[in-house]
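First subunit A sits with subunit B, and in the next complex the same chain sits with subunit C.
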Partner chain A sequence: MSDNNDKLHQVFADSLNIDRKRITDSLGYNTIPEWDSVAHMALIAALENDFDIMLDTDDIVDMSSVAKAREILSKYDVQF
Partner chain B sequence: MNSANNNAAMLEDAVQSCMAQPVYGLPKLEKSQLLAEILTRLTWHHASACPPYARILEAHGHSGPRPFALEDIPFLPVRLFKDYELSSIPDDQRFKVLTSSGTTSQRVSKIILDRNTSTLQTRALISILQQFLGKARLPMLIIDHPGVIKDRKTFSARGAGILGLSNFGRNHAYALRDEDLAPDMETIARFMQAHRGQRILLFGFTFMVWKHFYKPILDSGISLSFEDAILIHSGGWKKLQEEAVENEIFKASLKQALNITAVHNFYGMVEQVGSIFMECEYGRLHTPAFADVLVRNPRDWSVLPKGVKGLIQVLSLLPSSYPGHSLLTEDVGEWTGEDDCPCGRLGRTFKVYGRMAQAELRGCGDTHAAMLEEGPIQS
Partner chain C sequence: MLLANKVVLITGATRGIGRATSRLFAQHGAHVVLTGRSQDQLNAVQAEIAEEVPDARLSHLALDVSSPESVRDAFLQLFKLTRRLDVLLSNAGVLDDALIGMVTPDQIRRVFDTNTYGVLFCAQYASRLMARGDGGSIINIASIIGVNGNLGQAVYAGSKAAVIGITKSLSKELAPANIRVNAIAPGFIDTDMARSIGPEKFAERVASIKMGRAGTPEEVAKVALFLASDLSSYVTGQTIGVDGGMLI
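For the complex of A and B:
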C-alpha cells in the first residue's frame, strides 16, 4: 500500500470513527450510519488538512466512496 | 416490469439532461416545453407507483398517460403531505425521511426520499448556489447553535438546511450558544480574526438571524463590522411579521449595523428540498431551469397573469420518490417578470408576501377540504 493510500485510510478511519479494517474502496457515503452528512464535513476537513489541499463544492458532492476520494485527491496532485 | 424500469431510466435521463442546462440560462419557450414534458412523465410515473396519488388523479378524470401543458399539470395542496404519507418507492428503497419543523400543535410534513431523489436535491442546491457563491468553499459562520445538528437521526428542517448549506463552507463555526441562543461573541470574534481579508459566508434562518444575532448584538452596543460577507437566509417572515420586519428593512439593518452588504433570501420548502428560489441583487426571487412557479386565483384556481397576487404553485423536476413535483402552497405571491431581470438571469421571477391569512384560508377552506377529499382541482 502506498504511503498516501495508507494515510487516506487512516483519515477515513479517524473521521468516521470506525475500524481501519472496514475501509475498502467500495465503502460509500451514507451506506453506513457512521458516514453521514455530519461525518462527511469532518472527513472533508481532515482530508484538506492532512493532504494540504482545498476542495471545492463539486468535490464534496462527488466524494461518494473511498475510491472516488482517491480519484478526487489525484486531481490535486496527490499521488497514489 | 421491464418497461416500467425502462420508463424510470428514461425519466431519470430526461431529468439529468435538464439539470445539465445552465441554471439561469434557459429561455422561456424552451423551458416551459421541457418542463411540461418531464413533469407530465413524472405525473404518470407517480400515478403508476403511488396508488393514492393515482386515485386522486382518477377522481379528476385523469386516467391513462396523456400530455399536459405546464399550466395543466395536476397539483396537490402542500398540506396533503401533513395528512398522508405519500411514497412512490418500495419501502426497502427508503433512504431518508424529511420532516418539516412545526410547533407541537401543527402536524408535520413527511417526505420520503430514496437515494436518487436525495442526490438530485444536493446537486440542484449546489448548481444554484454556485451561481452566487462560486465553486470555492468559503469560511462559514452558521447563525445557529451547534446543538441544532446534534441529533443525527431526526432531520429537522432547520438541521437539514444547515447541513445542506454546510457543503458551501469550510472552517464552520456556530455563532450562537447552545444554552441560551445568545451570540457567542468569543467564537464570532475568533472566526472574524482567523478569516480577516477573506470573503466569508453567513447562513441562518431568517428569524434566527434577526432575533438571536442582529438584535442582541445591536442591543449590546458591541460594534461588529464584517469586511466581505455574504449572508444567505431562509425560513420565511412569519415570525418577524409582528415586528414589522420585511426584506428591505432586514437588508438595510444588517448593512448598517454589521456591514453585511450582500444579503440573499431564498424561498423553498421541505416538500421540495433542493429546488430553491434565490433572491438576486435586485431583490427578485429566481426560478432555476429545473423548477418553476405559477400563481393561482384562490377562488377558481385559474392561472394569474404577471403582477396579480394569488397562491403560489411550485413545480420541480426533482421529486421522483414522492408525488411532490407540483404543489399548491399556502403562500401568497405574484410573479414579476420572465427572462427580463436586470441581473441578467433568465427564468420567471416572483415575490412572496407570506402565508395566506388563516381567515382567508378558512374562507376557501371548503375548497381545500374538497381538494383533500377529491384531490386537485383543475382550473
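For the complex of A and C:
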C-alpha cells in the first residue's frame, strides 16, 4: 500500500471512528451509521489538514466512497 | 491591539463600510486580506491604507462574491497565502430599489446573488478554514431594511432578511467548532450606496433618524471590531443594529 493510501485509510478510520479493517474502496457515505453528514465534515477537515489541501465544495459533496476520495485527492496532486 | 495575529478577510473592501473596517482592523494588528471586484481599486485601497497605517499587514485578492467560482478561487488562494482564517466580514452588497410591479427578474437575481448567495458562498469556505484552526468569527452585514422592511425595497429587504436567517442558523451549526456568527444591521450610513438615492431622499432618510444624522462607516467598523475580537467571545447568533435610532 502506498504511503498516501495508508494515510488515507488512517484518516478514514480516525474520522469515522471505525476499525481500519472496515475501510475498503467500496465503503460509501451514509451506508454505515458512523459515516453521516457530521462525520463527513470531520473527515473532510482531517483530509484537508493531513494532505495540506483545500477542497472545492463540489468535491466535498461528490466524495461518496473511499475510492472516490482517492480519485478526488489525485486532482489535488496527491499521488497514490 | 484587539486583533493581533488574526487573519481577516473582508469582502467589498474597496469602498464605504468595507474600506473603513479594513483600516480599523489593520490598526488593531490584523493581517487584513482586502477583497473586491476591481484589481485597480484593490491596489489603490491597499496603498492608501498602508500609508494611513504604517505597520499594516495587508494583502488583496480578487473576489466577486456573486460567483461561486470566484469565491472558491479566492479562498484557495487565501489558503495558499495564509493557511488560516480567523475573521470573515461579509460586507459586499448592492442596492437596487424599485416598486414591486417594476422589479425585473434580473434585478432580483443580481441583488440576491451578491447580498445573499455571496454570504452563503463565503461562509462555506470560511467556516471550513476556521474549523481547521481554533475557530473564528463570521460577521455578516445585513441592514435595518432587512429587519423592518421598507416600501420600494422588497428585493433588498428580502436579500438582507435572509442574511439574518443565515446568521442565526450558522451560529447554531458552527458553535461546536468555536465559530461565532453575528450580523450587523446598519441604519443609514454615509457611503456611496447611501448617496446613490439622491439628495432629496438622503435628507428624508436623515430626518427619520433620532440622532439627526447619518452614521459614518467608522461607526459600523467599531461594532465589527467588537464582533471580530475576543471582546465578544460569548456572543453569537445576534444582529446588532447600528442606526442612531432610525425609525423605518
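Note that the second predicted complex is superposed on the first by the 80 of 80 C-alpha atoms of A that agree within 3 Å, B and C clash if a C-alpha of one lies under 4 Å from a C-alpha of the other, contacts with A are read in each partner's own complex, and residues count from 1 in each chain.
Here, a contact is a pair of C-beta atoms (placed from the backbone, for glycine too) under 8 Å apart; a residue touches a chain by one contact, two chains touch by 3 or more.
Note that the coordinates shown come from a computational prediction; the quantities given were computed from them, not determined experimentally.
Novice: Tell me the contact category for A:Ser37 with respect to subunit B and subunit C: first, second, both or neither.
Specialist: A:Ser37: touches subunit B, not subunit C.
Novice: Scan A:Asn49 for contacts with subunit B and subunit C and give back first, second, both or neither.
Specialist: A:Asn49 contacts subunit C only, not subunit B.
Novice: Tell me which partner A:Thr57 touches in the superposition: subunit B (first), subunit C (second), both or neither.
Specialist: both
Novice: Which partner, subunit B or subunit C, touches the larger number of subunit A residues?
Specialist: B
Novice: Jot down the residues of subunit A that show up as touching in both complexes, subunit B in one and subunit C in the other.
Specialist: 41, 44-45, 48, 54, 56-57
Novice: Contact residues on subunit A for subunit B in the complex?
Specialist: On the subunit A side, the touching residues are 30, 36-38, 41, 44-45, 48, 54-58, 60-61.
Novice: Please name which positions on subunit B make contact with subunit A in the complex.
Specialist: Its residues touching subunit A are 95, 115, 122-123, 126, 129-130, 133, 135-137, 149, 152, 163, 166-168, 170-172.
Novice: What part of subunit C is in contact with subunit A in the complex they form?
Specialist: The touching residues are 68, 72, 75-76, 79, 124-125, 128-129, 131-132.
Novice: Over in the complex, which subunit A residues touch subunit C? Could you list them?
Specialist: Per the touch definition, subunit A meets subunit C at residues 41, 44-45, 48-49, 54, 56-57.
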